[in-house]
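Below, subunit A partners subunit B and then partners subunit C, in two separate complexes.
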Partner chain A sequence: MMQIIVQGLLLSGLYALIAMGFMLIFSIGRTLNLAYGAYIMVGGYIYFWLSQQLGMPKIVGFAGAVMVGALMGFLKHRLIVKPLKGDAVAVEISTLILAIIMQSVMVLVFGDASKILLPIIPGVVTVAGAQVTFNILAATVMSWIIIAALYAFVRGTHIGRAMQAVSMDEKGAAISGVDPDKINMITWAISGALGAAGGVFFASYTQLSPQMWVAPVIISIAIVIVGGIGSIIGTLIVAHIIGFLEVSIVALWAPELRGVFTMLLIIGVLVMRPQGLFGREEH
Partner chain B sequence: MAMLEVKNLCAFYGKAQALSDVSISVEQGETIAIVGANGAGKSTLLDSVMGLVKNTGSIHLDGQDITGKKTGHMVRAGIGYAPERFNLFPHMTVRDNLMVGAYTARTDIKKNMAAVHRLFPRLAERESQETSTQSGGERQMVSLGRALMSSPRVLLVDEPTIGLAPKVVGEIAAVLKRLSAELGLTVIITEQNANFALSLASRLYVLEGGHVTATGTADELSKDDQLAKSYFGA
Partner chain C sequence: MRTLDLRPHHLVLWAAFIALMLLMPLMVGNGTLRTMIFACYLAMFAISWDILSGRTGYLSFGHPFLIGIGAYTTGILTRRYGIPVEASIPIAVLVTMAGGLIILLPALRIKGSYFALVTLAVMELMLQLVPVIRPDLTGGTRGISRLPALTRGAENGYYLAAGLMLAVALFAWLLMRTRLGTALWAIGMNEESVRGSGLSTTRLKSFAFLVSAGIAGLAGAFYAHYLGSITPRSFFDINILFQIIVAVLIGGAGTIIGPIIGAFFMVFLLEWLRPYMPGTERFFVYGSIALVLYMYQPKGIMAIVDTIVSKMKGSRA
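What follows is the complex of A and B.
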């Protein structure tokens, strides 16, 4: 039982980190960014390249991954989202195509075979009787730090408030002197950075492969749909619901059913509460 | 020199022209009103001044040419806007709505917040309330307060009385009077209710079908039988 609680808590922290960047774009940019997984994949590979292949310090590898993720988000906004503004379907199709292109680029550069990312912090610790790697523990702690920082940024800074304002009423934001384009650009860059940071931890939890971008997108979509648009706390809580659900199913029932109940949860929420458990109805 | 001068303004929604050669000017500290029926182009005129609608013509603020500038530039230049539908941020608190208004005037937050609370004591009492749960009158106060947080020199107020109870209309009118009297603001109000507009404005512009069809003081306009009948209930 304790093993389930500890593993659930750790997996949930990782899921929350992965979903946070996706939620930002979905809430503020109103875009279902299907290429979000590409940030995660590229983040993992950049970290692998810098810290394992080039032998740079891990912190440099992590910072490099975050910066490349932010740059990808910025470029995606400037080159795809902004020119296609107002055409949500075109944006979604374009972002999906971009993810597939990025997958091909990773195959070309790093090969098709999966790679093992060495633990960011090696070693094992026993927590409440459960064996836990320092790696996943570090991922969870880092998740909480990043999420707390994001929450403070969105709630307590002028740019954070402007991000909320743009998501709620773009004209209202504009007449307050906020440039919605600039705020969207910043949001895309932050989302890319969060995705890449999540990618480093996700790859160290699973493994690095050019196909690894698909699963985090599905997890992110599930968390945001169940949690609802625009709620950092909702995203955090639902990440825990889904994390614990998956760990419990694997431990108590059958590993093959791991994602099935998450999918059923999505359908249930869509039917019974389309705005999500913590979302608000749109005005 | 006029504080705000709009010359030959034409505004467009796609290919449809909503305003034709509209010219207005307002002096420092003066309050003027644009009156007209629904669809006359009043909101389009204010949206155009704010750079929200595609337009041609010229706009000068205190002698400075701000024609064609983006909305953010207009706000930084000193134009505040309280639109007809408020365009508030429904799931943010009153305080956070006001703080967004301070986006371009961060050094004046304390002073402006105190001024807003002085004008609208109710906003100070309810600063933690989400605006989605507020009455129309309170939202109008937040909308005006948010505009004031940007340290404007000119305030544009679009139909401030629409849908409000008579008591609240009185409160809003009293505040609008104080804006020019106490803060020295230049105010442009649009109204369908010409009598309300007359109680505040020194001069009126009548807008019909996207054209300015008459302009003058209340006395001057009331001499025109047709106008008096249409707008002043004579």
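What follows is the complex of A and C.
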């Protein structure tokens, strides 16, 4: 039982981090950014390349992954999203194509085989009778620090509040003297950085492979939609529902059914309550 | 005939197209024919996707799910229950249409990105579910092998695939020329106004789903027999989805010939790249071309051809 609670908390923190970056983009442009998975994948690979293939310090690898993620987000906004001028279908399709392109770039550079990341921090600790590696514990703690920082940023700073304003009403924000274009750009960059950071932890939790981006992107989209658009708290709650659901099924029933119930939950909620469980009404 | 508004030049173009496709084996070698067989199947998948998503604007990310159902149904029936293919393929089509209804139900309630996400989740669900549920039937992650072959040799395989594709294309073309096709277009433009003009969009969408699923199931079942083996990864995979969508978009959504051109373009491009890049990294070049083309002209090659043709006409006049 303790094992489930501890494992559930750890996995949920990771999911929450991954979902946050997606939530920013989705709430600001209602864009189903399928290339978000590419940030996760590229983040993991950049970290692997810098820290394990080049032997640099882990913090450099992490910083490199975050910077590349931010750059990808920035470039994507400039080169793809902005020229398409808010055509949602076109953005969805072009981001899907982009995600596949990034996947093949990773195959081209690193090969098709899965890679195991060395633990970020080696060692095992026993928490309330449950075995927890320092690695996943560190990932969770970092996730929570990043989420808290993001919350403070969105709520407390001028740019953060401008982001909220643009997500609610872009025209209204523009009238109040916010430059939506600049805010969009910043949001895309932050989203890329968050995705890449999440990717490093996610890769160390599972493993690194060119196909690794599909499941986390579906999970993060689902967390955001089920949690309600633009709600950080809703995102956190649903990340925990899905995290605990998966851990319980692995522990109590059958590990291979892990993803099945997540998908069923997503489909069920989307069909019953498309506005999500905690979201504001869309009009 | 008047309702379809058929003109002589339509018949001539179709006859020329059919003749060209059927004369192919006389012109090219067996290797090229095998590539063309894949292109024909991809074209059928693309037409099926286009009937639903290209027209109504409901993006289906779950088409591999439908194709996979068709393939698995006929695979299980023939290999596990010894049912002849003459019966198993029609059953596969019906089962796929029933599967299409499963995605249809959410689609009646939700729109846009949500629909795309639900269909994507359904595909991912099948990828995880199929190896686990009744592995004695589905063969688990290893799938089902040694499916009965319908044809022998590249030439016969090609005639079957090309014949099917032509039939599907002609059917879809005729269907889209009816008022029903027009109504589906109108849903893509503005669903509210279609409902406002007294048509039941629910019934129209259901119809589009069933037709799309039926074609996907038919093509999926024949494709499975052509391949001879099926695995979860080879059907419920995002790369398949990617190939289908890109084939439609490169060719031109909302047309019949567009997805066919797109499918042939894509399959041959991948084939030409094979000597230089043997693995999935070919998708890098392919995806880049697709992205640039799509950003340049979201309506695809058909629209580019139209522009060129009208420009040439304009300069002559």
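By our rule, the second predicted complex is superposed on the first by the 282 of 283 C-alpha atoms of A that agree within 3 Å, B and C clash if a C-alpha of one lies under 4 Å from a C-alpha of the other, contacts with A are read in each partner's own complex, and residues count from 1 in each chain.
The rule we apply is simple: a residue touches a chain if its C-beta (ideal position, glycine included) is under 8 Å from a C-beta of that chain, and two chains touch if they have at least 3 such contacts.
Only a predicted model underlies this, so the values are computations on that prediction, with no experimental measurement involved.
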**Message:** For the combined arrangement obtained by superposing on subunit A, do subunit B and subunit C clash, or do they fit?
**Reply:** fit
**Item:** Larger contact residue set on subunit A - subunit B or subunit C
**Value:** C
**Asked** If you stack the two complexes on chain A, which partner ends up touching A:127: first (subunit B), second (subunit C), both, or neither?
**Response** neither
**Asked** So, does A:97 touch the first partner subunit B, the second partner subunit C, both, or neither?
**Response** second
**Request:** Quick one: classify A:270 as touching subunit B (first), subunit C (second), both or neither.
**Result:** second
**Message:** One more residue to check, A:56. First (subunit B), second (subunit C), both or neither?
**Reply:** neither
**Asked** If you stack the two complexes on chain A, which partner ends up touching A:175: first (subunit B), second (subunit C), both, or neither?
**Response** first
**Message:** Going by the contact rule set out at the top, does A:67 touch subunit B (first), subunit C (second), both, or neither?
**Reply:** neither
**Prompt:** Counting only touches as set out at the top, which of subunit B and subunit C does A:161 meet: first, second, both, neither?
**Reply:** first
**Asked** Touching A:250 in the superposition: subunit B (first), subunit C (second), both, neither?
**Response** neither
**Asked** Looking at the superposed set of three chains, what is the minimum CA distance between subunit B and subunit C in Å?
**Response** 19
**Request:** Return the residues of subunit A at which the contacts from subunit B and from subunit C coincide.
**Result:** none
**Prompt:** Hey, which residues of subunit A end up touching subunit B in the complex?
**Reply:** 158, 161-162, 164-165, 168-169, 171-179, 230, 280, 283
**Message:** Taking the touch rule as given, give the residues of subunit A at its contact with subunit C in the complex, in rising order.
**Reply:** 30, 32, 80, 83-84, 87-90, 92-94, 96-98, 100-101, 103-105, 107-108, 112, 210-211, 214-215, 218, 221-222, 225, 254, 256-260, 263-264, 266-267, 270-271, 274
**Message:** Residue numbers of subunit B touching subunit A in their complex, please.
**Reply:** 50, 52, 70-72, 75-76, 81, 83, 86-92, 96, 99-106, 132, 146-147, 149-150
**Message:** Show me the residue ranges of subunit C that touch subunit A in the complex, using the header's touch definition.
**Reply:** 57, 59, 61, 105-106, 109-110, 112-114, 116-118, 120-122, 124-125, 128-129, 131-132, 238-239, 241-242, 245-246, 249, 277, 279-284, 287-288, 290-291, 294-295, 298
